[in-house]
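One chain, chain A, links the two complexes that follow: it is found with chain B in the first and with chain C in the second.
Take a look at the complex of A and B:
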């Protein structure tokens, strides 16, 4: 790769109508992302630094991020032919201090579970850098093997010492395993805060309202002008009139607003905030939560909805706490050199989890169960009523309803004894009988046969029940 | 006009119907404690996967070390909290450590200002991006505190933080929170986390520097010694809110797995729950839960999380002398394993707790009575109130019709007739509701403590309200108005109160219903002086203030049963004063509703009944 390519004109940045912005808040990076990412490398994982990228140590790390940056660049000053620049980056944070009770020693073998054994022949350069800015006089740790050279760049806030290893040279005779040996155990102290600190969170509780609050803290000695960009889904319905109180708008200016439209587009909100030196500013966007259609809920709807990170763009006066501030550099070698003076930084805030009012998704199931039960229960009687004709036979004795009830109760109590003694069908004469006539059947005899069968079946089941009781 | 028969039958037989409903309802409800009527607990949320992995917490010696150095440290700060020591320990474990300041402007009396500080550390998850969090909290108690010390929980929490920070499976951030001033610290922290305010200008919650997304669950620890006999699980929260039953089941399951003897309301499970003795034991547990839930006061810091939709419980490790001999005491190792299992299960959660019950009563650690089971008996107990209202409405409309036919107008049966009385009692209740602040201000001039002045003021106010009926009847000429209409108002208001209250704080509604249904049936004016006084005496017995006194008396008696009666009464009097004061202050700081409900809803109903009992009739 040639490192002398410079971006001569930022033509794609001159017209903002070419700019597209999208964020996917809920995507976990895992091995299925790593494999295609590795395939983009010139030597895949067969040779070179990429051989260090074994999934196991990568995914037991405390933090890891995969990224791909694509941008068009010009080949020369006349810009007659263009290049497409692809930058692949993998960030990994491991915390050996915690797992080793304060010991901080590390080595490539320990971090990646293998040392470096080859370089990619297609690569024009293959180098390993170790930041030794805090270890100028080699008091805190010693690197083994000794670095080929130490690059010193910048001054003041931008001062940076880098120990450089050329992997090709190092691999000439042997495997390359870089080690660092520390003099003492690590003691956690106060960590100096960065120049600009942003935190974003949801306030309020319940399923009705809430607000997204962003807290911007400027710890530096100069006031900062910050661009705060928020892209929110439509199902958070913002209240801009309450968000923009007089007090809040004294230091913030809303530079862009695109209102949301249900199921079509989300919110775009951009504000420029002035933060005085050593001060904290807060912006809040109040919202209510929309009730979605039931098919619009994702699986595990009670988990909540992810809200993408906001971005905060700022030009810091000094490159303190900034890792890369050269935007037009192409190679890592150039990027690692900090430019003095103002440096542009874009900070992505936390993603948020907002719970929307969620219906009871087991309800359709319950309704189906209930409806089926009702249909099943209703079918029998309705079928009977529609297919059979009810004819009432006259009863000879006219007893009062109360005495009828009493006789029924008595017969219930005496039933077990009665049924043993009585022969079949004797009590039929005493009870009012309903003869069922089916208009669909013309043949009476057939019907009577069916009736008899039914009766005999009933008797059978009754006697069976009795037998069971007796047992 | 012909009337349907059902209301007439109801009107004719409403007394026996009400009595039968009431008695059967109570019997049914008490029977629910038997295993034949309640159900065994089960997991609804499959994502919890409790006890799926072998616990490997082994830092019990580290916990013991932490305990020793914390004890040394707290000797140096006899009344405060060793903030720097705690913050230092969290920082050395590599956690994001923050302190949180809060201020309380005491709302009554001399309006003193108290300040406090919470210390918390956040273990950032390696498998997530700080969108969700689980809280493990413990209140700090200085050696001068009257309550049992809580240093072992903080030591265990630190040992767990040390163990957890080495693990890489966390998908949710873990917040380790040490609060000061008991529930006040927890309330201030939660309010600051969610930026909410209850009771304007009382608790200034300050601001938090670090946050960790939406809190899914919280476990509060109160372990009083390094060797405990059992773990008591506490669930009752503010205003009677309860955590999701799945969380309770989770702790039950993991305690069983690690052989930790655990109880609910300090009562273990009966070995033979099906027997009569088992039923009596479970009734005891059930009523213990009902009495603490009814008070609306959280039984631990966990109770404040419920309002924010966070399932939370307190695990209290106690060392009791009455402990069964055959059980071994529980060590840090076992407790740590239980907590490790709980936190890992909560870490597995995909959705926030929503599957299982939020409304339930517990007769044992493995049995529950769901809302669908306890509502029918409650409906029967409270049903008498509605039957009475219906019967009264029917009889008054019959009487009004009869008057119209006879063309003599003796008594006014119009609905508006009872209206002035109803408005009047509500106005005095609102006055009393806003009075405690004034009472405490007046008390300051009289050199009374806030506690005394609020109690005496409320007592005097209530006592002076007893003459309200004479005043009203003289000025409004009630002889010609129907007392039945007033009673319909009173009974309907009571009905609304208990039925609406039952879905919010069931236990409170149950107690009010059991006490007030007989009164609602009994109250009527009578000509005989003796009967009138008897009814007045019964009414005085269910006055909200008297009920408070009786409950405190029962509580005091159960705690100090060996005291002579005069000392017991004196102690009860002191405790009643304090309880009244607490309910007023809790309403202002935590938004506890019990005082509001008692004064704004129950007292007007009682005053209406009092009015009816002393109604002049010829």
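Take a look at the complex of A and C:
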């Protein structure tokens, strides 16, 4: 855990060159992500709370999120010895009322399809917390077994009561299966909306342009100052003037901008937006879609391109109805104890799917086929025209067209009647023949010789073919 | 009687002598993307399940899957991939580790993986760290044709490229023996050009034949697995790490009446007789056992030891005697927000 490199607190707090930002918008979280995540735990999947995490109940849940937070920390003010802090978190939202006929009854066995059997011996603390704020005087549900203690955190709006179980002690009786039994059916009441909520979407139509729109809603009673950070790929070409001419956005100002460079770096756009109490602000960034090179398209280009989530950072006046990620604590224990007062929240918005204009990927193949056909069709006649000239052969017998026709008919009749007795040479003599003549050969006799040779060769090949067929 | 006993001895010695490898690796590749190619993912995961069950650790299995079927929104049973419509075996399992995923499954990455020409920053899980004592099982599935195998509908590897990659591996002493299995249409064309020694190649179909899928699962709406792999998995499920099943038996796994295509085998590069090669020499793993005469005192994990362990950890990083951990100091996370 100990790191020899001295990291001074001011360094990465005020020098942004120590900050790295990356996003995987396409990541489809599944067991293949969970397995390496579990392996980071000191007891792997063999012991401890991680044994509860079976893929099937996890991925059939309504919502699940897997996260790793890594940051440098210091052991003392002078920061002579530094640490790296790794926080692993898994969030899961399930709906027990669907399966329990209106009752919200739940148990570890039901939620995770297994009770807790062991704790990790390397862990200094294994605790299970249940939020019992709504369960005043145990009227709505009964927890079984009874909690070891009840912690109170926050005050006013953010008051929370947390039932605490020490899993290590509870595991003295073999297995630990926490159950909650509700007295009555669940009635959905009004849920107070969070202080700030954000939604982000793509607007516009067609393949040319569009815009990314963000709606920021402040439901609280005080104005909020929000830092909006957008990191976009270069193939969306932003028009920044549009975001500021919007009437609503007069209070917004751009605090940081790194313009994109094709194929090198993406956009970094950071704006500070003032949202008055109870108001909704809309921020929009217009863009045009770039055309990529043929080989830059992924194999499923027609599916579209995922645009990473934007982040919204805000300091809320009270930690009401949010899970605050405490900045000055490492353990869940520290994070659950809320302090009244300003609390920092970072919201990640939705990822977006933008379809870029995609070429017809079979086009090169089609073009090659078509072009080859056209060339082949054109080449033959052009070659013939340019290399040969048409000459009419003199025919001794000057017969009229009508008599020619008659002789043809006669010869046909003769063929059918006389079968193979007739010799072939007699018929051909009477017909006019057009001979193709190469202008390179001026000597006609030579040409005729060649023609005769060709004919004889043809005969030969014909007879050979017949022989082959016989075989 | 004596002669038969001698024969047994000979065969036993052959078994022992035959084992020429010191470690086992597996490279399992699915080259197909999109939901309608569910069966190819099921194929590759069937092999993954088998090699993992027979003892090859995840660190020595390179699994390349081009698309996510298990948590695909179209999958009615998230985090599962089954080998048949009756859901007998969840081949996806509970602790799958995919090394190359999605767009990472490319011809370039595959050839680089085989030949070891990877960027220095490549993590260990994406490297084939084999040596001249490694037996490698290479399994590929996807859509193929005469002389090529398509990767994600956008590029393809040819049989010549594959043969050259294997030759490079041989020259770099990256393998002892290779069992190459390919389940695709006209699969036999992929091993035609191999010219490196010690490769036994099995193909699900001959040139001019299609490899066929086994059956449709109406719940997912697509074919669930291919025939050759379905029967191969059926066979492998009965194999245990100490079983005596041989490669020759594996070659008979899918006769023509059930596979419909003819299973092709190329033996000329492989010196040993498949009858004398155990299936576990490729699908299992060599387990190195060190013998010791000394007595080891293993402490049982009881309360006292637990506390000891915890104390030792705490003494390193935290204050002793005080249960609350030492307060760590964090950098100012919000340098702009100085009012608080």
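We adopt the following convention: the second predicted complex is superposed on the first by the 341 of 471 C-alpha atoms of A that agree within 3 Å, B and C clash if a C-alpha of one lies under 4 Å from a C-alpha of the other, contacts with A are read in each partner's own complex, and residues count from 1 in each chain.
By our rule, a contact is a pair of C-beta atoms (placed from the backbone, for glycine too) under 8 Å apart; a residue touches a chain by one contact, two chains touch by 3 or more.
Everything quoted here is computed from the prediction, not taken from an experiment.
**Q** After lining up the shared chain so the two structures overlap, which partner does A:332 touch, if you call chain B first and chain C second: first, second, both or neither?
**A** neither
**Q** Quick check for you: in the superposed arrangement, does A:342 touch first (chain B), second (chain C), both or neither?
**A** The answer is second: A:342 touches chain C but not chain B.
**Q** Just to be sure I read the superposition right, which of the two partners does A:35 touch: chain B = first, chain C = second, or both, or neither?
**A** second
**Q** Just chain B (first), just chain C (second), both, or neither: which does A:43 touch?
**A** neither
**Q** A:300 in the overlay: touching chain B, chain C, both, or neither? Say first, second, both or neither.
**A** both
**Q** In the overlay, answer first, second, both or neither for which of chain B and chain C A:60 touches.
**A** Both partners, chain B and chain C.
**Q** Which of the two partners, first being chain B and second being chain C, lies in contact with A:130: first, second, both, or neither?
**A** neither
**Q** Is A:98 contacted by the first partner chain B, the second partner chain C, both or neither?
**A** In the superposed model, A:98 contacts chain B only, not chain C.
**Q** Is A:351 touching the first partner chain B, the second partner chain C, both, or neither of them?
**A** After superposition on chain A, A:351 lies in contact with chain B alone.
**Q** In the three-chain superposition, say which chain, chain B or chain C, touches more residues of chain A.
**A** Greater contact footprint in residues on chain A: C.
**Q** Identify the overlap between the chain B-contacting and the chain C-contacting residues of chain A.
**A** 60, 300
**Q** Within their complex, state which residues of chain C touch chain A.
**A** Within the complex, chain C touches chain A at residues 33-34, 68, 70-72, 78-80, 92-98, 101-103, 152-154, 301, 305-306, 309-310, 313-314, 317-318, 325-326, 328-335, 337, 340.
**Q** Tell me, which parts of chain B touch chain A in their complex?
**A** 91-94, 124, 126, 129-132, 165-166, 168, 194-196, 210-211, 213-214, 307-309, 350-352, 354
**Q** Of all residues in chain A, which touch chain B in the complex?
**A** Residues 60-63, 95, 97-99, 187-188, 199, 201-206, 211, 213, 300-304, 306, 350-353, 355, 358.
**Q** Given the complex with chain C, which residues does chain A contribute to the contact?
**A** 1, 9-14, 26, 28-32, 35-36, 38, 45, 54-56, 58-60, 71-77, 79, 83, 85, 121-122, 124, 298-300, 315, 327-328, 330-331, 341-342, 344, 361
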